[in-house]
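Just so it is clear, A, B, C, D and E label the chains in written order, and each chain counts residues from 1 on its own.
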Amino acid sequence: DEAITAKVTTDPALTALLPAKIRDAGVIKAATDAQHAPCDFLEEDNKTFTGWEEDYRQALGKKLGVKIEPVSIAFDGLIPGVQSGRYDMAMQCISDSVEREKIVDFVDVSLSTNGIYLLAGSGVTADPKTLCGKKSGNQSGTTYGQTISNILSPYCVEQGLKPIEKMEFNSQDATILALLSGRVDFLVNDASSAKYIREASKKPLEIVIPDILPRWINGIVVQKGNDELANALLAGAKAILADGTYDEIMKKWDLQPIILREPGINLKTKAAE
Amino acid sequence: MTAPMVSARQVGKTFGTLEVLKGIDLTVEQGEVFCLIGPSGSGKSTFLRCINHLEKVDSGTLRVDGDLIGYRQEGHKLYELHERDIAVQRAQIGMVFQRFNLFSHMTALQNVCEAPVSVQRRPAAEVREEAVSLLQRVGLGNRINAYPHQLSGGQQQRVAIARALAMKPKLMLFDEPTSALDPELVGEVLDVMRQLAQAGMTMVVVTHEMRFAEEVADKVAFMDGGRVVECSAPSVLFRDPRQERTREFLARIL
Amino acid sequence: MTAPMVSARQVGKTFGTLEVLKGIDLTVEQGEVFCLIGPSGSGKSTFLRCINHLEKVDSGTLRVDGDLIGYRQEGHKLYELHERDIAVQRAQIGMVFQRFNLFSHMTALQNVCEAPVSVQRRPAAEVREEAVSLLQRVGLGNRINAYPHQLSGGQQQRVAIARALAMKPKLMLFDEPTSALDPELVGEVLDVMRQLAQAGMTMVVVTHEMRFAEEVADKVAFMDGGRVVECSAPSVLFRDPRQERTREFLARIL
Amino acid sequence: MVIPAQRMTDRIGMALMCIVGLGIVAELIRNPNFEWGVVFSYLFEPAVLWGMGLTLWLTIASMAIGLVLGVIFAVMRMSARTWLRVPALLYLWLFRGTPLLVQLIFWYNLAFLYPDLRIGLPFGGATLYEGSVNDLITPYSAALLGLALNEGAYMAEIVRSGIMSVDHGQQDAGRALGMTRRKVLLRVVLPQALRIIIPPTGNQTIGMLKTTSLVSVIALYDLLYAVQTIASRTFQTIPMLIVASLWYLVLTSILSVIQSRIEAHFNAKSSGAH
Amino acid sequence: MVIPAQRMTDRIGMALMCIVGLGIVAELIRNPNFEWGVVFSYLFEPAVLWGMGLTLWLTIASMAIGLVLGVIFAVMRMSARTWLRVPALLYLWLFRGTPLLVQLIFWYNLAFLYPDLRIGLPFGGATLYEGSVNDLITPYSAALLGLALNEGAYMAEIVRSGIMSVDHGQQDAGRALGMTRRKVLLRVVLPQALRIIIPPTGNQTIGMLKTTSLVSVIALYDLLYAVQTIASRTFQTIPMLIVASLWYLVLTSILSVIQSRIEAHFNAKSSGAH
């Protein structure tokens, strides 16, 4: 967003932190799968990247004194693309985990939490017991499925109720379609999508967030061992957090609750230690 | 009075713009051996194919054993028969092709057994026995399990004849049945055909074997350019042809 | 002293376990017309195919015009020739098949022009002119643009003969060239073959046309069971055969 | 003594083949990026094996139905009757013309377009069945419906090309023996067409192994989806894709062996065998 | 007066066809869930047209290369020479046996396995080219490499089945005229095999239109990816998929017309035409 980015000032000290190759090129190549509102998606022209992460990248780039150029690529190609050095970073609301940190490095910059989406009047409430025995939907390849099978379903079994019947779909819109056509009773998705999913749905939707749902940490993925870049990105992230740009972006997208106040590198592994 | 086995009235046939048959009139009596001779392209094969409706007749009528072939008559209207009724008519007419056309995925024996079992629904064991003896009759008793491509041209044609005979047809059509056979074996096959004739089988034979025609045929027709030029007993046609064209043709080949 | 056109020494050929040729010894002199007769399955076609290496000889040697066919000799070793060298040998040997084998995607004219243009690399216009006159010679001047499936069997075989002649071969192999022709046209084709013989063309002809063999052939060989039973001038072989087997065969067909 | 031609070329060729082959094998083993350790640790993961089971099951079932549909529509397409030919052409056009993904989503979400199904006698007659389409169309039936209908359209063209390859004299012979067109087709033409149909059908079957992965869009977990799920958790994309590839190769090998057996069987009979 | 058989059946068939056809058309127009308004508003969206352009370009290019590879590998696979046959079999096995998705990711990320490429003279000779594999392999070249190599493996089987369908006497005749095997293949066998090859090749081409959508994994935006991106923003999944389907149908129709033209051309010549 021009209005926000314009106010960001470049810090040459941070530029100096970047790997020489990137500094020389003046460009950080970023990969994303621009089919995920509100993190990353395309504007009406189907060319211009948008989403809160795009605004974040623009601000971060300006702060670091380079351009961060995104490319949209199907999810399967993200990690091999970073590993092969084709892309310097990948960013697509990717959540951090100890397992993933073994393969790549994370610069953690935001939080995420899951929400339960359901059709109005379906009888499900914030009490997780009301979910038991129902059919759930979620997008495949995300952590939402684990939320259902590792947290919600075991909770139901613990309570002596029927577990949740889980179904996965390969895109967010297919998941929503399943909810609208009554194929599933509720779906688990990122809570941050609420605004968008509500606007896009042809039927009124409700969102509930039961207490037992966890909070995740999301971050920027870089090649394992590329500490120079990771540290530079982290310094930049801290800088745009400090100067208030980050808050401004999240305010624009109505997402203040997921701001991570203490960004860091590989926070999951560090937390485990 | 029995109807003639084959009776053609003004049979015409056109391929696109090419008029191949220009009004054929012919009668083949029951038990007769009828030979068709004539130059290449004169329409002999085409006429033979019309007799069992492999080619649809464009004009005129064709009857076999009194029945219209391929049509049902009501008043002045001709209703085309349903395919399965035509199939029933064809099952009673055996045909041996110029180019064998053996089923290439079946052994000699399977070729012979196929139609009696699957069309006439006769018991397989009985058919098999008959088929073996038929194959022996044409000199192939030792090759019954060979596939067509393992047989020489002559051997293939003999299987084809056995296959047609296995249906016990009331009429046999032969399209140059011996043209791919060795001279040595032609005799054997003609013997089989002679025996068939004696047993009362009616046969229409397109052939270049003038000696066979002269000896066995009851009637010989000479075709040229889609017309029957002359039709009479072999003794007449071969010794004393009425038409100039016939004389020319015979002069060149005899 | 010129080498014989074809000289076969103890030529043997086996398909799997079936010994089809059991040591053929034959000599065809330059300019000779050599006829092969014999019952079905005796190996006539197979021997003919060995002459231009369409079948690889398993034992013995076969020379055409003094050159080993398919091999190069150095001392006691036979080196198999490269494919393109075999192709050069074959280009000089014309062959007419029992089953025509016309290229089905080409017109009659294209069939005849194909090899002279693509193999001998002669100018297309010149070849075309010759091809037309060859097709006229076999009586097909008016069907030069027809595709094989638009021609009757007889017409197809005549195109095949023209196709082989177009290569101006020094040796012609015929495998029952007239067996699919009408008697009326057999004469014309045999005339062409006679003219070829007079022009010095050497020919090996597998045939069932005993009259042609008797009249035109310089030598006739009778094959049976993969062996040459008897080989001599037609006057001798047909009138006074030495072997019992030959006598039997001839008795049945003459 | 007979020395075959091109002995030298043959030897150089063989040597080249062996060197290149060994080089590739050595490279595969040596390059650490393939991470064979990870590959083998996930190779027999139950989720992967389950996925493979589904892949195999869907492939077999949809190819079987597809082949039957293919024969039916090939014959219809070649028919002289307009009312048989036109629907066949439309079927081919529609099912080959739209992405399978779309077809699967369509069948699966039929409920979105038609929430309730009512099967009844026409012109306001009695209702025979009434219920939710979602109850009728499970993910499995939607997958099978989608895959088989799609495959049928492709198989129809393959069967047609096979039928065209059978010499027309074969049909003449069959009909002259009193067989109906149907019997000629089943007893004479199709058995001979099979030889020509088998290789492209092998292609389709092997392609189908991979195509089934589209069913993840309707909540079924095939082989590829199983490894993708693991990869999206662990980010070991390349080793996990190798896991899937190895299994696909195993399945392809089995299918190829079956195919060449069948081909050998038909070639033994057929004149085309040389 | 001659009355054709089955006039009654024909009439009922025609009527049925028309009624069902009209019913479907009416339903398509009437059902609001198809949202034709949305469909038409996005139909000529530049992003969609660009995507279609890429789809078409990749399809044509990869089918052309695939056909050539197919002929080469079909001939190698049918060769009597082990060192030609075995590599062909391995190629077929590997490229049909692994998912195209994996192949695309592999080619695109070759740099992961081999970061630098050095083309030099063997045995420590001079270096002719040295550079990053990523610079060499652009998304386009990776896509073309992946699609064409994959397609070549499938086309090889199709070409083989076509070659098998040509009567062996044709080869005898060609060789007897002094043609080399190569010339026989190019001038005699392949032109006749084409008739049998065309329908399955049409299948492959139409399939390829859809298969190209896998290139979104290497950052190329084809037709399907374009509509999916729009759908992910607007959540109008079904109308957007209909947009893609309509374009695929248009492309398929064009290809089908071309195919039937070519077929008619060959049938006019060939004896198989009845």
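Here, a residue touches a chain if its C-beta (ideal position, glycine included) is under 8 Å from a C-beta of that chain, and two chains touch if they have at least 3 such contacts.
Labels paired with UniProt names: B, C = Amino acid ABC transporter ATP-binding protein; D, E = Glutamate/aspartate import permease protein GltK.
No experiment lies behind these values; they were computed from the predicted model shown.
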item	value
Third chains touching both subunit D and subunit C	B, E
Dominant interface by contact count, named by its two chains	D-E
Identity of the chain that, by mean CA position, is farthest from subunit B	A
Between subunit A and subunit B, centroid-to-centroid distance (C-alpha), Å	82
Cα-centroid distance, subunit C relative to subunit E, in whole angstrom	46
Centroid spacing, where centroids are CA-atom means, of subunit B and subunit C in whole angstrom	32
Interchain centroid distance [CA atoms averaged], subunit B/subunit E, Å	48
Subunit D: positions in contact with at least two other chains	105, 109, 112, 167, 237-238, 271
Per-residue overlap in subunit A, given as positions that touch at least 2 other chains	76, 80, 83, 171, 174, 177
Where subunit C touches two or more other chains, by residue	83, 99
Complex contact set, residues of subunit D against subunit E	10, 13-14, 16-17, 21, 31, 33-34, 81-84, 86-87, 90, 92-94, 96-102, 105-106, 109, 112-114, 154, 157-158, 160-162, 164-165, 167-168, 195-200, 202-203, 206-207, 210, 213, 224, 237-238, 241-242, 244-245, 248-249, 251-253, 256, 271-272, 274
Footprint of subunit A on subunit D - complex, ascending	105, 108-109, 111-112, 115, 132, 134, 139, 216-219, 221, 225, 228-229, 231-238
Subunit E residues touching subunit C - in the complex, by the definition given at the top	167, 169-170, 172-181, 183, 187-188, 191-192, 266, 269-271, 273
In the complex with subunit B, residue positions of subunit C that touch it	38-41, 45, 98-99, 152-155, 179-187, 208, 210, 249, 252-253
Touch list for subunit A against partner subunit D, complex	75-76, 79-80, 83, 97, 99-100, 102-104, 137, 140-142, 145, 167-171, 174, 177-178, 180-183
